[in-house]
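First the structure, then my questions, so here it is.
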Amino acid sequence: MARVVVDVMPKQEILDPQGQAVANALPRLGFEGITEVRQGKRFELEVADDVDDATLAKIAETLLANPVIEDWTVRRVDA
Amino acid sequence: MTNLAKVDSVDHAKSTPDVDQPFRELGLKDDEYARIREILGRRPTEAELAMYSVMWSEHCSYKSSKVHLKYFGETTTDEMREKMLAGIGENAGVVDIGDGWAVTFKLESHNHPSYVEPYQGAATGVGGIVRDIMAMGARPVAVADPLRFGPADAPDTKRVLPGVVAGVGGYGNCLGLPNIGGEVVFDECYAGNPLVNAMCVGVMKVEDLHLAHASGKGNKIILFGARTGLDGIGGVSVLASETFDGDESGGGRKKLPSVQVGDPFAEKVLIECCLELYHAGLVVGIQDLGGAGLSCATSELASAGDGGMRVDLDQVPLRATGMTPAEILSSESQERMCAVVDPSNVDAFMEVCRRWDVTATVIGEVTDGENLEIFWHDELVVDVPPRTVAHQGPVYERPVERPAEQDLIVADSANTLARPSTSDELRETILRMAASPNLCSRAWVTDQYDRYVRGNTVLAQPSDGGVLRIDEETGRGIAVATDCNARYTRLDPYAGAQLALAEAYRNVATTGATPVAVTNCLNFGSPEDPAVMWQFQQAVRGLADACQELGIPVTGGNVSFYNQTGAKPILPTPVVGVLGTIDDVTRRIPTGIGGEEGETLLLLGETHEELGGSEWARVTHDHLGGVPPKVDLAREKLLAEIVLAGSRDGMISAAHDLSEGGLAQALVETALIGECGARVVLPEGVDPFVWLFSESAGRILVAVPRTEELRFTDMCSARGLPWAKVGVADAGAQSLDIQDVADIPLAELREAWEGTLPKLFG
Amino acid sequence: MSAKIGVVTFPGTLDDVDAARAVRRAGGESVALWHADHDLKGVDAVVVPGGFSYGDYLRCGAIAKFAPVMTEVVEAARKGMPVLGVCNGFQILCESGLLPGVLTRNAGLHYVCRDQWLKVENNSSAWTTRYDAGAELLIPIKHGEGNYVADEAVLDELEGEGRVLFRYAGENPNGSRRDIAGITDARGRVAGMMPHPEHAIDPLTGPTDDGLGMFLSVLDALVAA
Amino acid sequence: MARVVVDVMPKQEILDPQGQAVANALPRLGFEGITEVRQGKRFELEVADDVDDATLAKIAETLLANPVIEDWTVRRVDA
């Protein structure tokens, strides 16, 4: 068993209203100095050892992210 | 330190009678614990203690309210009972509405969880009431959400309100249930204690009514829906920590959140699955899992049946590892149901669940014994008479006392407050009232709710009542409204509860429907406070007496106590929901004027100088004192009959009831909603301030086509209903022109009325 | 014989009953298609209705695109069968690649249910011939993720080829690029839109009956074919 | 300027319907061997150098995560 993390983030050029809302809220709450916020998704998967990187990439590409608007990265981490 | 074995079985309990048990941490009083020992003839096992403690809680056992709620039954006459297929005591009341259709509806509270976690608290509140309705055998068809928050501009309200609204919408929208009504009320008293009440309405054919009972020896108990996890077991985790101190599955989990996370998709699938099961006749009895989870479901099913029940907890599909029997029994994981099924139907039952991808497991069966027996790892961990858990909890006669300070507040009349007198002041007051948080447009909230789904919504916000088509062939439908003005109830709980009923009744009637039944959600402070108990007792009596006078029964409801911040209780808030029927939804009456050319505006009912508890007193003087408006239930009945007759004969083209804010607010709303101006001329010699802002009950503003005016007013006069002509609709005018008072452009009114909530909440 | 229009139901679909009702109201025969079906039961056109298929948990339409019935819908659409995706159905058609772009979180971050004015931009698609170009319709919207996004080149192409079916008139409710409310594929057969025409077929239960034209249009197209 | 990543995940004992939905979809799509999926959020912040760790923790705790049902971690990464 391995733990795999897939991070999915809105592409740079895509507007991110959720991140924007957070960025706008920060100064109102008295937090200064944060110039940009982007909000994406993080998936943690428990994966059998025989699942290879190509399969993981396929899962990220076809299911977890929409490549039209999102970038993704996959990495194995120690459980 | 205790020395309990891993499984605290019944045998183990017998052999270790003197073990200290953390019953106080679980909310049981010394005498209650003693009673449990007396019932069982030994100390309870941990699992039994968990069951009794949740089932004997105020929330599940109604121990403080029972003696008062009885009064609803005592005041329900046979005639009122005629159309009632199920009443208080069932999961929800059921009413026969004719043509073979039955409607079930109920209000419930989810106040505290919504304060802790607004989104999930509100979402699971909707989920819970929907399962209650499903448990009656009905298809849920609509929801409504009476909500109350602290001051609109308080920082914490900015945290709570958007979360609650998103939660109600997030869950209800995903279930495909149109939201057809509710309330949004702001008051200081709810600052640390918002009220999130939710109503669900369900529809079924009369013969499909399912009641929650487990009878028939050998019938299987099937648990289906979501897996059981560690959510919502807050209090019971003290058992685990006592038992397995230090061990990873025990003490490590001590601080479990008592918040549940809802999965509306799972519930949507569960609804469709249940309906298919009912349709195929595969269910003998059914019970939803809500508060107190399996403890409640198993003990209530067994208690309402005619035998015993045996349950094997090892069969319960779990989401977490290392759960103890007590935890499994008390888990409040959402989206679960429990069915009683004839053994010959189990395969077919499982097949339907598979089609919907719903996990279903046989966890036990009905026995011919007397007890509810629950096993865990082959050991008997619960062996109790189910009635003692479910129906024979403690009953308290709490002290009731009218507080002395009640006289002071009543003496503090609103009639002496400074009033606007010049036309400029009146104009300013109209605008200020229209923009005030309690009177302004609710669109910011209601726009987040799907009101169209399933295509049967005939009226929803901003109408006085929601109207839903039930039968597409015949056009038969229902109407619902929920109301409560807690300021009135504070001034006089007996009259206040009656006024809440009167308003909900009138709101239903205003749509053209006939009120037929009542539900309620009684939100009060601590029952241990004699003054609160007095409010409660008075409110119940007032509501019950008024129901009897109106001839419509209370079919169910919910009590929520301990709504207070520190020692300060909320205003007594008995929210009343009224269900009405309408034989043909095409004659529903809209709220906005201007549907017909040049309508006459008539005010039905009488206007007196009644400002106690009024919105005007609050907005302009932050004042609460005096007496609430007078209740006249015979008048409410007559009004409803007149509106019904008028709608049948096409004599009414719009109607809006008068409540908070009085005639001024009703005029503003009916003009803005209809996008139509009006010219208003108040009767000769009246005090314009009183006429515009008094909150006398029993009044409806109607628009009547000019050709029908005489016929309609003749009917009113003949039947003894006072009426006054107050103006005409004027589509060309684009302003609300109140002669000798103010001429206010609709655009200016609209900005005032619609601007407030978006400015506050974004 | 009236044309048969399939209405797809996924677990979590909500507006299937409304879509079926609209088909019947327009004079067609509605045929229920289940997500697990491997055939289209001989229908002449398909509506993928709104709702929250599979809870919309990952991303709207992301899981529904893999349902067996969608394989059939995609294949039929490529052969020219008229397909309409409304709301969640629009999201599914985008995720399936039948239509370009994607629908993202509303700019205001709230779910919005309200009656919305639309302007008809294209009245030559299979679904819009009953409307006058430039006509304004009042139809409900109800969604949390209706903000249409595609890159500039795709947007230019849609505009250039006249493939924008509807634009929001007045205030843009969700931040959609270029106020786009609905689009079509290059052949004018596959259409997707966020507003709900099936909720505007009778002024009793909707704001207007302006939505009926969509269903009448496709029936015309099928009869003419 | 530093880049800060805040990961917010549903607590272990809390139901995660989103992760569940993904986990259920995977075998239907022919991906075997993934036994568990949890879905959370990932925030990327651009932060001025004088914003200290305590402030970042406060932001995570009060705004980005809901501690009643979510756990969070903050880390600075190279931009």
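Labels for the chains are A, B, C and D, by order of writing; each one numbers its residues from 1.
Everything that follows uses one rule, which is that a residue touches a chain if its C-beta (ideal position, glycine included) is under 8 Å from a C-beta of that chain, and two chains touch if they have at least 3 such contacts.
The structure presented is a predicted model; accordingly, all values stated were derived computationally and were not measured.
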Interface with more contacting C-beta pairs, comparing B-D to C-D: B-D
For chain B paired with chain D, centre-to-centre distance based on mean C-alpha positions, whole Å: 36
Where chain A and chain B are represented by their mean Cα positions, the distance between them in whole Å: 40
Computed distance of Cα centres, chain D from chain A, in Å: 9
Gap in Å, rounded to a whole number, between the CA centres of chain D and chain C: 34
Multi-partner residues of chain C (each touching 2 or more other chains): 54-55, 57-58, 63, 66, 108
Overlap residues in chain D, where contacts from two or more other chains coincide: 17, 20-22, 25, 29, 39
In chain B, residues with contacts to at least two other chains: 263, 265-266, 357
Pairs of chains, among all present, that meet the touch criterion: A-C, A-D, B-C, B-D, C-D
Of chain D, residues touching chain B in the complex: 10-11, 13-17, 20-21, 24, 66, 68-69
Contacting residues of chain D [partner chain A, same complex]: 1, 7-9, 19, 22, 25-26, 29, 31-48, 50-51, 55, 58-59, 62-64
Chain D-touching residues of chain B, taken from the complex the two chains share: 116-117, 120, 226, 229-231, 253, 256-257, 259-263, 265-266, 319-320, 333-334, 357
Of all residues in chain C, those that touch chain A in their complex: 58-59, 62-63, 66, 95, 101-102, 104-109, 147, 149-151, 175
In the complex, chain B residues that touch chain C: 166, 169-170, 173-174, 176, 263-266, 268-269, 272, 356-357, 443, 446-458, 469, 585-586, 762
